[in-house]
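Heads up, the next two complexes both have chain A, just with different partners, chain B and then chain C.
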Partner chain A sequence: MAGRPRAHRNLVRGYEQDLRLFGSPLSRVGLAAMLVTLLVLPTVVQDDFWLSVLIYSGITAIGAIGLNLLTGYCGQISLGHAFFIGAGAYCAALVGGEAGLPLPVWLLASAVVGALLGGLIGPFALRLRGHYLAIVTLGLIFVGEHLWRNLRDVTGGNNGTSVLAQPEIGPVDLGALEVAGENYSRNQGWFWLVWVLVAVVALLAKNLVRTRPGRALRAVRDHDQAAEVIGVRAGRYKIGAFMVSSAVAAVAGALFGAYQQHVTPDEWTLLLSIQYIAIIIVGGLGTIFGSILGAVFVGALPALIDEYSDAIPGVSSSAGGDGVISVFALNQAIFGLLIVLFLVFEPRGLAGIWFRVKAYFKAWPFSY
Partner chain B sequence: MSTFLTNVFAGLALGSTYALVALGFVVIFKSTGVINFAQGGLLALGAYLGYTFSNNLALAFGVAVLLACLSAAVVGAGVERLVLRRMVGQPPFAVIMITIGLLFVIEPLITAIWGFDNLPLDNPWNLRTVEVAGLVLGVRDLWTIGLTAVVVVAFFLFFRFTAFGLAMRATAFDPEAALAQGISARKVYAVSWAIAAALATLGGITLAAGPGGLSPSISFIALAAFPAMILGGLDSPAGAVLGGVIIGLAEALTRGYQDELFAWAGSNVSVIVPYVLMIVILLIRPYGLLGTKDVRRI
Partner chain C sequence: MERLTERDEEDGAPQPVPPLLEVRDLTLRFGGVSALRGVGFEVARGELFAVIGPNGAGKTSILNCLNGVYRPQRGTITLSGQRLTGRSPAAIAAMGVARTFQNLGLFEQLTVIENLMLGRHHLMRTGMLSGMVWWGRAKREEVEHRAAVEEIIELLELEPHRHTLAGLLPYGVAKRVELGRALAMAPTLLLLDEPVAGMNVEETEDMARYLVEVRRELDLAMILVEHDMRLVMDLADRVLALDFGVPVATGTPARIQRDPRVVEAYLGGAV
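And then the complex of A and B:
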């Protein structure tokens, strides 16, 4: 055949091409498929239960991206993620509910509050590493729980408070969307809102971690003193990671509160933090994509178990009912088992498996 | 004055329990470098085993306690062998998460076997009291303090005067040098987990013999023993005991004077006092009261 042979699809010619997130034709097809799924899925799956499971997974994905920035990229162990999520939910209740401000305002307000709280906790990470930080952030959970139970004006004490923040942007109310004469349900609107936000947060996080701050974070994770020697201000990046992570967590909390419409202090316990940790471990530490993957798998589990508790043998749907193990205890055990099994057998998580599969096909028919 | 003394006494008893649990943390941390979040699970498991031996099998209380400590020790060593052994040399994050994962596996196991209800543990102490110099003291509290004192003394004697105690100290100091001297690190690791589990069980049983009885939430007490360990210093057994007593006293005193002095801070402040104390201590002395200062070399 005449003419120049076509370059191989994996060939990179220039920085601009190298910087593209979706460079190869195949990944562009994947992007298009994801966009189409995002748009079409709620009209195909109209069942409220499944939509709510997907919405909760999306909200969890946002929070998990935040935790992964802190733990996966910067290497700081935080058991206090639930605290920031709770703070975000109460902030949404105040700004979106009582003050009645629109969606962008209460989302931003929660992000700012989360960043400020993270900035308060961050300095601890400068003095304490590894074990100590884990224990201090554990303390944060208990101190936070005490605060939530006693700041009755904001949180409603043990009974909880309503979060009346509405998903309204100007004249558009995503809670009761109407496009071209077609009415969409609350869950459909929320699905689009949440998953668009997942995409936005993922893109922001991805760009953060593939530029200088991201490389600095990884340097701090691998060896903070060595990082300082090569000119990374480890302290600043640790505090920064805490602020960004808790800001993202607070956004997730605000969405969670506003979607659920009522929150109690019982939700921001150690178990929630552990759930997020399970998600990033199962998904893959130090990958944005893994956080989302993990959130879909692990985040959907509690809802699925709750829904199908009758069908699983030996599970009782309430603490006093028959059966060997309650739904709550089963969730706990599954998170624990997932953490242990993945850390022992697949420390890179689902994302690691995916990258292995991808690398195999990329080099196919050669094995390396 | 007498209310103050009663509170101090209650604090000492609570602090003794913390000291037992914190001592377990320190043993594991010193020899293996692992902070064991699953200690609470082992504590609860041991206490429930004690319940089975004492109530269901109707053994004498002393025998039941001994058996519970022994079986918990076996479980502890087993956990080390099956799970933690694979994690040697992994970064702290992975190891911490493994122990947290274990905690979250053990807890549901306990509720699956023994249920959620409060169980009364048969014990000879019950709610009996004795009066000493005008003070009404609980027999259980006296036993807790006495038992802790005996265990702590035995613990120090073991580490100071026995060959295996020396081997454990050597491994804690320098694992490779200890290996070169023919000390089996595996044995040391397994024994430290066994000791920690037995100590936790003792703490759990003294707690369960109290007015609250036995419930799954008993494992949370081990989380409150973290501040005790941090306060004393991660690698100091003496510090663990001191920290335990201080935290116990602080908690009991805040509870005693809740209405008079701490009403402004909301109800049940005493629950978070250990953590607040811990945070303050970490800011002033990050290595604890008696811990070794961490010198970092590049």
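And then the complex of A and C:
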């Protein structure tokens, strides 16, 4: 076996190699493990309740990635995320439902509508920051609510509208998947669809933040005057962040509507926006991975509480039932508590905990 | 003022080529306070031009006017024939004016590499969409400009700090990274605002060595604002002394040191 001595497999030989997303062998193992889980999980967990929890978490993860690009990377607090999610759902109802166009079309149409709406709101961010921007975007929720309740042709008014957008790509219907004689349920198909899209959106977002525009976003967040002085047009990136963020939010909304098949204006309230803020704080501001962690953690929580409300003492599982607190109120209280606890004890969120564990094992068995 | 222009002509070597930077009659007011009154000077290609003066003399204000952070009420600034006054900081940066800050303008949550790559920002074209796609332009530009950044890392000996967050760097190194980021912009004019402020003797000597190295390796003019007179007198080709926004004298370091008006501005007049 004579041969040239081989360089260590971790040795980086070019900038191209240094820029790889999954550069080390261990991270490639991790990637493979994630892909296998994605593929196999719905065949193992066939229970509709658990699958639907995971599907909602996945949809929430996509929306959270959008908000994290705006808040975590560009430093702009928005309470208007629910507005863009709602807009996406109604867009799916129109393009996918009434016009009956296939999945890629209604997803893209929602993204475009989201980006345009974001581009309208974005300019406010040029003059306002922090709490002031939060207040203006808060106004967006109420403008939206008025629109959703009164544009009856599109939204169905207070009663809501059904979203008949189908998850169809050409001849493949993910709602009733049939591969090699095997039939898969609607939830199984939706699980694959949603989590493949989570992976795609996460990859696109990761690429965005590690290249020129992403560095510019973070520069604007950290020190916008210094960013201008080195040639970053801060205003352009602030608006751009709004557009990308709301496009992603609208995609999440479209999926949400199409999966749930019926949406009402009560869905897109301030509480939904706050839930998303809780997710990115719990998951980790300024990390894509954290958005997904946070979405699974916070997104699954209401479903779990709902499911096991009988077992939790003091919670009334039905309206008018005996108990101190309703399921809904308990959820809100838990979101609030999570935001406070994470901001105080773990400002970098779940992702921060993960990075710390990783750093520990990098040096293991040495403690330095 | 009249004498000043006379002296200018005596001092400067004959310049057949037009100067890189021309500043004429710069006046900047904040409400009733004049920060600059009728400041004018020229900087030749490759020259190291220092601006000195007591605290509050308007040194940093000159730099802020040069890169568009402040808008002067009167006066013109031209760089190789193009007018800088009235343009935005980002536009001026794209025209080749780089700058370091008195109290560090690094992006603390970004690594050294990312800070330096931000210097290349105006030379790159990847937008949001092509960034998301990665393959194609984004990847090509990342590799290309990373190579350029690595040259600066080598020049300023930043190798051990590549992946350190800028906020965690020791002060002397952070100042060097900021110089590196300015150099990454491939500027024709570099504005240095107190590059050795707060440094000990050793760090100051290091920084001086890097500045000399940069001048030898790269073809750029520098405007240096600094309180450390030894550094100024050692490095500068010419010096402008300011007092309360008014130019006192311009000339070679040796000449400025002997100028009675400069001495008076610094030490106060005879009692």
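Methods note: the second predicted complex is superposed on the first by the 354 of 368 C-alpha atoms of A that agree within 3 Å, B and C clash if a C-alpha of one lies under 4 Å from a C-alpha of the other, contacts with A are read in each partner's own complex, and residues count from 1 in each chain.
By definition in this document, a residue touches a chain if its C-beta (ideal position, glycine included) is under 8 Å from a C-beta of that chain, and two chains touch if they have at least 3 such contacts.
The structure presented is a predicted model; accordingly, all values stated were derived computationally and were not measured.
With the two structures aligned on chain A, chain B fits next to chain C without clashing. In the superposed pair of complexes, A:V244 makes contact with chain C only, with no contact to chain B. Look at A:T211: by the touch rule set out above, it reaches chain C but stays clear of chain B. In the superposition on chain A, A:V229 contacts both chain B and chain C. Taking chain A as the reference chain, the count of touched residues is higher for B when chain B and chain C are set side by side.
Applying the stated contact rule after C-alpha superposition, one finds that A:A219 touches chain C and leaves chain B untouched.
When the two structures are aligned on the shared chain, A:L19 is found in touch with chain C, with no touch to chain B.
Touch criterion met: A:A329 reaches chain B, while chain C stays clear of it. By the touch criterion defined above, A:G30 reaches neither chain B nor chain C.
Chain centres taken from Cα atoms put the angle at chain A, between chain B and chain C, at 80 degrees to the nearest 10. Contacts of A:R149 after superposition: chain B is touched, whereas chain C is not reached. Superposed on chain A, the gap between chain B and chain C at their nearest CA atoms measures out to 8 angstrom in whole units. On chain A, the patch touched by chain B and the patch touched by chain C overlap at residues 225-226, 229.
The residues of chain A lying in touch with chain B in their complex are 71, 75, 77, 79, 124, 127-128, 130-132, 134-136, 138-139, 142-143, 146, 149-150, 225-226, 229, 271, 274, 277-278, 281, 319-320, 324-326, 329-330, 332-333, 335-340, 343-344, 347. The residues of chain C lying in touch with chain A in their complex are 67, 69, 88-90, 93-94, 98-99, 101, 105-110, 114, 117-119, 121-122, 124-128, 131-134, 138-139, 141-143, 146-147, 150, 181-182, 185. Considering their complex, residues 29, 35, 83, 86-87, 90, 92-94, 96-98, 100-109, 111-112, 116, 223, 226-227, 230, 234, 265-269, 271-272, 275-276, 278-279, 282-283, 286, 296, 298 of chain B touch chain A.
Contact residues on chain A toward chain C in their complex (touch as defined above): 14-16, 18-19, 204-205, 207-208, 211-216, 218-219, 221-223, 225-234, 240, 244, 286.
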